[in-house]
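Chain lettering (A, B, C and D) follows the sequence in which the chains are written, and residue indices restart at 1 in each chain.
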Amino acid sequence: MIVNENMVVLSHERIAENIYELVLQGNLVDEIKAPGQFVHVKVGKGIDPLLRRPISIASHDPEQHTMTLIYRAEGKGTRLLSLVDRSERVDVLGPLGNGFSVEGQRKTALLIGGGIGVPPLYGLSRKLVENGWEVKHILGFQNESVSFYENKFGELGLTYVATVDGSLGSAGFVTDVISEEKPDFDVFYSCGPTPMLKALERQLEGKHGFISLEERMGCGIGACFACVCHKQDDPEGSSYVKVCSDGPVFPAGAVLL
Amino acid sequence: MKSLQIELPGLSLKNPVMPASGCFGFGREYSQFYDLSELGAIMIKATTEEARFGNPTPRVAETNGGMLNAIGLQNPGLKGVMENELPWLSQFDVPIIANVAGSQVEDYVEVARVISSAENVTALELNISCPNVKTGGIAFGTIPEVAKELTEKVKEVSQVPLYVKLSPNVSNIVDMAKAVEAGGADGLTMINTLLGMRLDMKTGKPVLANKTGGLSGPAIKPVAIRMIYEVSQQVDLPIIGMGGIQSAEDVIEYFYAGASAIAVGTANFVDPFVCQRIINELPPLLEELGVEHISELTGRSWGKHESSTVHST
Amino acid sequence: MKSLQIELPGLSLKNPVMPASGCFGFGREYSQFYDLSELGAIMIKATTEEARFGNPTPRVAETNGGMLNAIGLQNPGLKGVMENELPWLSQFDVPIIANVAGSQVEDYVEVARVISSAENVTALELNISCPNVKTGGIAFGTIPEVAKELTEKVKEVSQVPLYVKLSPNVSNIVDMAKAVEAGGADGLTMINTLLGMRLDMKTGKPVLANKTGGLSGPAIKPVAIRMIYEVSQQVDLPIIGMGGIQSAEDVIEYFYAGASAIAVGTANFVDPFVCQRIINELPPLLEELGVEHISELTGRSWGKHESSTVHST
Amino acid sequence: MIVNENMVVLSHERIAENIYELVLQGNLVDEIKAPGQFVHVKVGKGIDPLLRRPISIASHDPEQHTMTLIYRAEGKGTRLLSLVDRSERVDVLGPLGNGFSVEGQRKTALLIGGGIGVPPLYGLSRKLVENGWEVKHILGFQNESVSFYENKFGELGLTYVATVDGSLGSAGFVTDVISEEKPDFDVFYSCGPTPMLKALERQLEGKHGFISLEERMGCGIGACFACVCHKQDDPEGSSYVKVCSDGPVFPAGAVLL
């Protein structure tokens, strides 16, 4: 069930340049079904910013009823959000969308994240490890100062880091890591900027995988048709998927990027 | 709530609060939050003859106190709406207002003819004012004579009362209202979105793929109030008002201006419970204002019920 | 700041930032806060032939992200402005744009004739768009042919370049722009306020004594951006843009849309230092954007300088 | 000089129903010239509420660089203002306008305040007493629950209170108190709702006095012509006064109410 709750801020920390980790507590957490779902956050009470902001659930703890969001303070809304203090409340609508499916027998998963696409992969990785999967990670960042969670991923499995300027890990993109390291895997999971996802779909064509998309949203629940994408098998037609309610996770190759 | 019951052409409303077209889909999503039977009515997403994908994304952008959208009338088409959406909606005890759109007169007429025959569609809303569609739209919404003719043609085939949705992007809203009144409209809905635009700070290019979009939300409320104030004094049609409504107080302001019912659009995205909340907040607010029935407030800004109120006390 | 210097008809601007007419009086009050010579120019309050008291109060009301005003062109009259205001302003090294208003063609012409002869008035702004004046105003601002004729008559007598201030309350802003271009305008200023209204929750009556008023402030920015985007592609006149500007980022957005300079209105009331602050914030922002001169940004949204930029690199 | 300062909140207390007393500290206080001046307060940083709110300076302490505002939390802006906490900052423009003139030889003053018109009279009364005047006060409130500062006025001089419902002091209006008590005075000073000022001007016609007016404002400094009033000697003409910069205090009888 989707709920709308004023959740309590348990902690709120800057973990990299303009990157914040926000831990929220509330009953909404009980409704989380799968890693990769997201929430829609209202910043402030007023009309400016007016719209909610979609943020992935990075991870959650059902027992403590907490969930962690990791976001980049960039525009008006997220910059304001970064000013919220511990024990204040944040208006959250969620959980929204369908997350990553982690069913099936134990296999090896390759998780590929770029920038603020990295957070939901953390919850996914934990879940996979819990279910006995082997996980490998490739994390791409602009540079070291905006990188985060490398160690946390490292604790769960093999972790490659690539930065555009080479300030951390190898220099280049996540696709370069794949070309070079040729990691073995059964399923890949990816979240990041659309150009990265496009490149990945080309590079990993034929492989079984899932990608998580971003799109500008209005309602976040499937009612307004703001976040619609064409399907790859009907690129000009009227069939479509909604990122907010049919996604944000789709099988690789399903959606026209 | 007796104080909220309203009778309008085609519409027996439990209360004057309904979601605005395009901001509530066909109801399915919001039915997760509350019982849609609590609503006064539902204005469903625009329906066109053929299914439409609409405009490329990004389709929405935020502005100060408002938002822009350029959805481009995406919808499953007349057949899809008739076969899937309206039957699903019939489980609720709520009148449906079908928003009718098209590119040319024939499309409009065909959609109106068919959709007005659906059992739970009790009124049509003629969308002559969608700013996000390249063909046709603009002339229908801005030239009185063209609007009148379209209204006549649609009215001819409609089996239910016809509301015409006016565009605010005109020099003279009263002329438009009078034209559609002359064309046989049973009511007006106003306003649709103001044509606006946002540019990206980094690229300098429009944020919306469609470049321009329709401005909605609290920012436009003063424009809507002014137009309803002007129009309600000049035509005899009931008006369903919309534009930036977020609270019961906003509803009251629309009634004062001259509305007989209201619709809530953008606010649904911010608070999915907003319509329900407003419905619940109205009765105590009316009591505070010392009003027995909300319709007494219609047109109070220009003294519509002034004499009758004096007589009744 | 070389990156901000702009040459427009009649206007050698140190920078493209100026207070908008009616939001800065005749400069006296804001001269308490900073040296008016820092400004690109000053658009002074509308001047009419005779002194006017304007509308009854309340004359302003707040809206979501905006405000309404119905000042009604209060001003000391042509004589007062010529004898007291303009001589006082001549102590500053800043071009003055005189906002010319009237009720009929003859008034406009007389004000323009006299005021354009003042030494420090280097351009006129023809106010054909004031929504708060009952007589005349509306037709001048909404009917292209009428606007064209007025422009011609005023242009004939003016000793300085003529900017025409467009009203956003029209169905087709491009037609208006083309009409005044054909009438001989040297530039455009846009936009004036959107016609709006607020009603009092308790009484149900309009908050403004004048009932309706002009909506300004951040709420209207998307409408202004859209209109400048449309007009700048269709006419060859420079545009001074305004509507909701609060920051250097807003200024950049106006340039992207197609403006060659901008004016700040309502924001002066919130922050009396706003024009000065914006002027100071622009150079670092331009540097961040990798732009040498702000005029490179004019029309970037529709690719005005695209080819030339490519050539120069 | 008018300054724009982010002043520090030294204390902020509810002193009656919806009535708040806000003590601010900053250099702006050094610029205060006379009781009856006001400040223009920006509530919040955003665009809603957009405009500043005019509030009278109730009193000030030049040595501590503090001033006290007393306001009713009523609409959007003042309700938001009431949520500001101690040690936060408030964006204030001021001091604005011309206050009450307290020059001249020592005499007896009658101060008549209604509702949220009462606050500036407190600073005035203190100033008059400081200068050796005798002061008498008539304070009018809707009812007891919204009344405030009766005792503080009482410490400075004779103080009558009238409430509309008689819940405190005598029942009725300030004008009723005058009719009944016929207090002696040389100069009267008044601030309150316009209907009260109108009634007073009629009742005290011929007496020497000053009244402080309220009007909706834009700029607050004289530039926008929002707050203009006709003069009584030219009720239809184009001559005028601006409440913000020529006032808010005017000699009784000067301005058309």
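Assume a contact is a pair of C-beta atoms (placed from the backbone, for glycine too) under 8 Å apart; a residue touches a chain by one contact, two chains touch by 3 or more.
Being a predicted model, the structure only gives us computed values, none of them experimental.
Counted by C-beta pairs in contact, the busier of A-C and C-D is C-D. Spacing of chain A relative to chain C, judged by their CA centroids, is 46 angstrom.
Separating the centre of chain A from that of chain B, both taken as means of CA atoms, is a distance of 36 Å. Distance between chain A and chain D, defined via averaged C-alpha coordinates, is recorded as 56 Å. Listed for chain A are residues 47-48, each touching two or more other chains.
Counting partner chains per residue, chain C has residues 63-66, 218-219 touching two or more of them. Taken as a graph of touching chains, this assembly is complete, with every chain in contact with every other.
Contact residues on chain D toward chain A in their complex (touch as defined above): 44, 46-48. By the touch rule above, chain B contacts chain C in their complex via residues 63-66, 68, 142, 169-172, 194-199, 201-202, 204-206, 211-212, 215, 218-223, 225-226, 229, 244, 249, 252-253, 256-257, 289, 297, 300-301. Residue ranges on chain B touching chain A, taken from their complex, read 22-25, 28-30, 32-33, 45, 50-54, 57-67, 69, 71, 74, 76-77, 217-219, 246, 266, 268-273. Within the complex formed with chain B, the residues of chain A that make contact are 1-2, 4, 42, 47-52, 76, 93, 215-230, 237-238, 240, 245.
The part of chain C that touches chain A in the complex is made up of residues 64-65, 218.
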